[in-house]
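Across the two complexes that follow, subunit A remains constant while its partner is subunit B and subsequently subunit C.
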Partner chain A sequence: MARGSPTFLDRLLHVDRRLIFLFVALSVTVPILVPLGLPVSTTAPTQAAYDYIESLRPGDYVWLSFDYGPSSAPENDPMAEGFMRHCLSKDLKVIVCALYPLGGLGLANNSMARVAAEFPNKQYGVDYINLGYKDGAEAVMRTLGANIADAFPTDVNGRNLSEFPMFGATPSKREDGMVVGHTLGIKSIKEVKVVFTAATGLIGEYWITLVNSQFGTPVIIGPTAVSAPKYYAFLSSGQLKGMLGGMKGAAEYEQLLIKNRPDLAELYGATKLFTATKGMDAQTGIHLVIILFILIGNVAFFLFRMREAKEGGR
Partner chain B sequence: MTDPIGTWLAALLTLAVLSFLYRDNPVFRTAESLFAGVSLGYYVGIVLDQTLRPNLIEPLATDFAKNNDLLIAGVLGALLYMRYVPRVGWVARYGLAVYVAYYIGVEFTRKIHGEVLPQMGRTIQPLDQGWSFQSVWAFLNSPGLLALMAIVGTYSVLIYFFFSREQGPVTQRVSRVGIWFLMVSFGAAFGFTVMGRVALLIGRINFLIYDWIYPTFGVVT
Partner chain C sequence: MNIQPGIVILWIFFGVLPIVGFLLGLRAPAMRRQVPLVLAFLAGIIPILSIYIPKVFLADPDIGMSPRLDKYLIIVAGFALPLGIVNVIQNSSRRAARREKGWPYSVVLLFGLFVTGALGIYGAVTGEGIGFRQDGTSTPFKWIEDNAFRPLQATIFALLAVFMASAAFRAFRARNTEATILLIAGVLVMMGRVPLLEFLTAPFPGLQPAAAQGSRTLGLLTEWIMNVPNSAAQAGIIIGAALGAAAMAIRVILGIERSYLGLEKGE
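So, the complex of A and B:
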C-alpha cells in the first residue's frame, strides 16, 4: 500500500468506477448522436443464413417466431425485421407467431406493422399473416408438426385460419389479380422452407432440437449475443442453416441486404428508425473504451508490482 | 403513434434504474420492485388467459362429457397448491411427481435426439480428411487439424471434469490442457456477453435520445 500522498500510479489503481461509467456513457451517446458509419464485415454464419433465404423460390413459406421480450429488443428487433423485409422483398410468404410470454406478441405486432407499411403491395393473409401468441412453446411446436390450425386455430385478430388463402382457402391471389407463388396453402410446419427464430432463452433451442430434429424443417436462429456461443455447436453439427449472433449478426444481415437488394438499400438508407448498423458504431466505441481501461488497469498493476519489488529490495 | 405518457414513464423509469450506477438509492429500488411486480403480474395474467382458460376451463365448460379427462390434469395442477396448507402439504408431491416424470420423458427424447446424437456424430471425425501446408493460415484451417483439436479439446476437458478418480501425473497434465480449452471458451462467451449487455444499453440510450429528448424539445431529425 502506498504511503503519504497518493501518486499518479495509486490514482490509476483506484479509478472511481463512476468515471468509467461516464466514459462508457459518452462512448455510447456520441456515436448515436453523430453516426460514424463504420464498416461491418460479414461472418460465415450470417452469410449462410442470407444465402439460404436467397436460394428459396417466390411463394415458398417461411416462419418467423418472435421468441424474445422487450429486454433484448435492441438486439432481436433488427434481425427479425431484416429477415421479414428480405422475405417480403423476395415474394416469400411469411407466417409470424410469438412464443415468448413477456411481451413477444407486442413486439411481433409492432415489427409486423412497421415492415408491412414498407410493402404496400403485399396483402395480409396472402403474403403474410400474424398468428399471435401461444403459451407453452414445446407443446405448440409438437402440435405444429401435425397441424398448424390445431396450435393456432385463429390469427391474432381471432379470424379462423381457413379464411386465409395462405392456409388453402382460395388460390393465393392478390387484389391486383396476380397469383403469387407455386404453393397454395399449407397444413403443417413440415411444409415450411425455413423457421427463423429471433430468440432469447430456451425457445430458440426448442426449434432446433424439436422442429428441426424431429420434423426436418430447416432452422435459422437470431439469438442474443449472450446465448450465441451455445449455438455454434448446432451450426457445426449442421442442425442450423445459419445464425445472426446478436446486434453484430443483425448488422451484418442489414449490410448484405443493402449490398445485394437495391429496394431494401433505399429503404435502409431512408429509415429514421434504429437499426443494428447504427448500433454497431456505439458498440465499437464502447469496446474501445473497455479495451483502453483493461490496458490501463494491467499496466498500472504491473508498474505497482515492480514498485513493490523495488521497495521490498531496499 | 407514440404515446407521450408511456414514453415519459419509460424514460423516467430508465433513468431511475440507471441511477444505481451512481449509488444504491430509493428511486432505483422503487423502479426495481415495480419492474419485478409488473412482470410477475403480467405473466400470471398471460398464463390464466392463454393456458388455463383455453386449455382447461373453456373445454370443460363447453363440452364436459367429451373433455372430462382434463379433470385429471386440472386436479393434479390444483394439488401443487396444497403445500400452502401444512396439514395436507404432502399431497402436492403427487402432482409434482407426475410433472417431473412427464417432463423428464419429454426432455430426454429432445435432448438425446436433438442434441447429444447429432453433435456427437459431428465431433467424431477422421483425422485424414485433409491437411494443407501451403501457408500458416491454410494449415490452421485444415479439416484434419480442426478434427485433432476437437479430439484433444473434448478429451482433455472430460478428464478435467472426471472427479470420481484421483488424478495422477499424466491426467493432471491433460486436465491442465482442458483448462486452457475451457478458458478460451469462457473468454469467447464473456466477450459475447459484454456485446449483448452493451447492445441493451445502446437500445436504452437510443430510446432516451430519439423517443424522449428530441420529441420533447421539438428537435427534427
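So, the complex of A and C:
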C-alpha cells in the first residue's frame, strides 16, 4: 500500500464510490433525457417467440401471466404489453392472470387498461379477460390443467366466468338473429396455444416444469436479464418456444412488431409510451460505465502487482 | 346427489381424520405426530399414483382425487398469507415495544400494513374491489399501490445498478485463471447485449458500418456463451436441484424427514 501521500495508482485502486455513483447517474439520465435511438439487433430466442405467435390463427387462445412486481416492471412491462398488443392485433383471445403476490395484479390491471384503450374494437370477455390474482402458483397451475374455473371461478371484478363468451357456452347467431348452435368456450389450459409468462423469481420456471411438461402447453418466457441465463437450458431442451431476455429481449420484440405490423408501428411511433427500445439507450450507457470501471480497476490492479514485484526484488 | 367415492375418501382423510386426530391428540400426544404424517403421505402419494395409474377416481379433472387435492392446495396456500401477516405483526410490534434498533421502521411497516389492508378489506366489502372503479378511477387501495408501493419498490431495485457498478469495479479483477475467464465472459456478454460499438462511434458516421458488423459478431459470441457453456452449466444445476427436491419429497412422503412438523429424526 501507499506510504506517505497517496500516489495516482493508489487513487486509481480506491476510486471514491461517489464518483462511480455520479457516472452511473449520468449514464442513465442523459440517454433518457436525450434519446439516442440506438439500433437493436434480434437474437434467436426473441425471433422464435415472435414467429410462434405469428404462426397462430385468429381466434386461438393465449395466456398471459404477470409474474413480476414493480421492482422489475421497467423490464417486464414492455414485454407483457408488447405480447398483448401483438395478440390483439392478430385477433387472438388473451387471458390474463397474475400469480406474483407483490403487486402483480396491480401491474396486470394497469397494463390491460393501457393496451385495451389502444384497441377500442376489442371487447372485454370476448377478446380478452383479466382473471386477477390467485395465491399458490404451483397449485393454481396444476388446477388450470383440469379446469380453469376451479382456479379462477370469477374474473378480477368478481363476475362468474361462465358469463363470458370466452369461457361459457355462447349461442352462435346468424345475421338474422336466429340461433344456429353453441360455441363452447375454453375449459382447460391444455386448450391454450401458448402461455407467456413475464416473470421474475421462480414462477416462470413453474410454468415450464408444470404446465409445459405435464400438460404440453407451449410456453414463452420473458424473464429479467439477471435470470435469463437460467432459461437457456430450457430453450436448448425444447421446453420453451422462445424467450424475451430482459429489456434487450423486450426491445427486440418491439422492433419486430414495428417492422412487421404497420398498425403497431404507428402506435409505437405515435404514443409517448415508455418502451424497452428507449430503455436500451440507458442500458447501453450503464454497461459502458461498468466496463470502463472494470478496465480501470484491472489496469490499476496489474500496475500495483508490478510495483509490488519490483519493490520485492530490491 | 351423485356421490363420488374418491371425493368421499378425501373428505374422510383430510376432513374427518384431522379433527379426530386433534381430539384424540388431546388425550394421546402421539396422535399429533402420527396424523400429520399420514396426511403428508396421502397428499404426496395420490398425485404420483394419478400419473402412473390414471384411473377415473384418481385423475379425472372433475371427480378425481388428485385434481381435487390441487384445489385444496390453493386454499392451504391462501392460509400462508394470514400466517405471514401474523408473523410480521408479532415481530414488528415486539421490536417497537422493546425500542430495539430501527424500531421506527417497524412502526412504519405496521402502519402501512394496517392502512393498506384496511383499504383492501374496504374494497372487498363495498364491492368496488382493489383496482379500477366502474368509472375508471382508482380505488384508494390502488392509489396507494400506484403512488407509494410501486415507486418504493422501483427505487430499491434501481439502486442495484448503482451498487453493481461499484461492486464490479472492486470485485471483477483478474486475480487468477478462473476469475479471468469469468471476467472476460462477463465483459463480452455485457458488450454483446447492447449496441455499445454504435454508441461509441455515434459521433463518427463513417465508422458506423464497421461498428454494426462488430456488434453483430459480439452478439453471436454472446449467444454462443449463453447457449453452450452457460446452458450446459445451468442444465447441470437444474437437474441436480430437481433430483435433490425429488429426494427430499420422498423423505417427506415416507415420514423420514419430519422437520416440517418441528420434529427431529426418530421423534
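Brief remarks follow.
By our rule, the second predicted complex is superposed on the first by the 294 of 314 C-alpha atoms of A that agree within 3 Å, B and C clash if a C-alpha of one lies under 4 Å from a C-alpha of the other, contacts with A are read in each partner's own complex, and residues count from 1 in each chain.
Assume contacts are C-beta pairs under 8 Å (C-beta built on N, C-alpha and C of every residue); 3 or more make two chains touch, one makes a residue touch a chain.
Because the structure is predicted, anything quoted here is derived from the model rather than measured.
Once the two complexes are overlaid through subunit A, subunit B and subunit C clash, as defined at the top of the document.
Look at A:V15: by the touch rule set out above, it reaches subunit C but stays clear of subunit B. In the superposition on chain A, no contact is made by A:R261 with either subunit B or subunit C. Shared-chain residue A:P74: touches subunit B and subunit C both. Once chain A of one complex is fitted onto chain A of the other, the partner contacts of A:K90 are absent, as it touches neither subunit B nor subunit C.
Of the two partner chains placed by superposition, subunit B and subunit C are both touched by A:Q283.
Within the superposed three-chain model, A:S237 lies in touch with subunit B and with subunit C [touch as defined at top]. More residues of subunit A are in touch with C than with the other of subunit B and subunit C.
Of the two partner chains, subunit B is the only one that A:I208 touches; subunit C does not reach it.
Contacts of A:G136 after superposition: both subunit B and subunit C are touched. In the overlay built on the shared chain, the residue A:N157 is in contact with subunit C alone; subunit B does not reach it. Comparing the two interfaces of subunit A, the one with subunit B and the one with subunit C have residues 21, 24-25, 28, 71-74, 101-102, 134-136, 138, 225, 228-229, 233, 236-237, 246, 248, 283, 286-287, 290 in common.
Subunit B makes touch with subunit A in their complex at residues 21-22, 39, 42-43, 46-47, 50-51, 106, 110-111, 113-115, 118-119, 121-122, 185, 188-189, 192-206, 209-210, 221.
On the side of subunit A, the complex with subunit C involves touching residues 15, 17, 20-21, 23-25, 28, 36, 38-41, 43-44, 69-74, 101-103, 105-106, 109-110, 113, 134-136, 138-140, 142-143, 145-147, 150-151, 156-158, 188, 225, 228-230, 232-233, 235-237, 246, 248, 280, 283-291, 293-294, 296-298, 301-302. Against subunit B, in their complex, subunit A makes its touches with residues 18, 21, 24-25, 28-29, 32-33, 71-75, 101-102, 133-136, 138, 206, 208-210, 212-214, 224-226, 228-229, 233-234, 236-239, 245-248, 272, 274, 278-279, 282-283, 286-287, 290. Those residues of subunit C that touch subunit A in the shared complex are 61-62, 64, 67, 70-71, 73-74, 76-78, 80-81, 127, 129-132, 136, 142, 145-146, 149-151, 153-154, 156-157, 161-162, 164-166, 168-170, 172-175, 183, 187, 190-191, 193-196, 198-200, 202, 212, 215-216, 219, 223, 226-227, 230-232, 234-235, 238.
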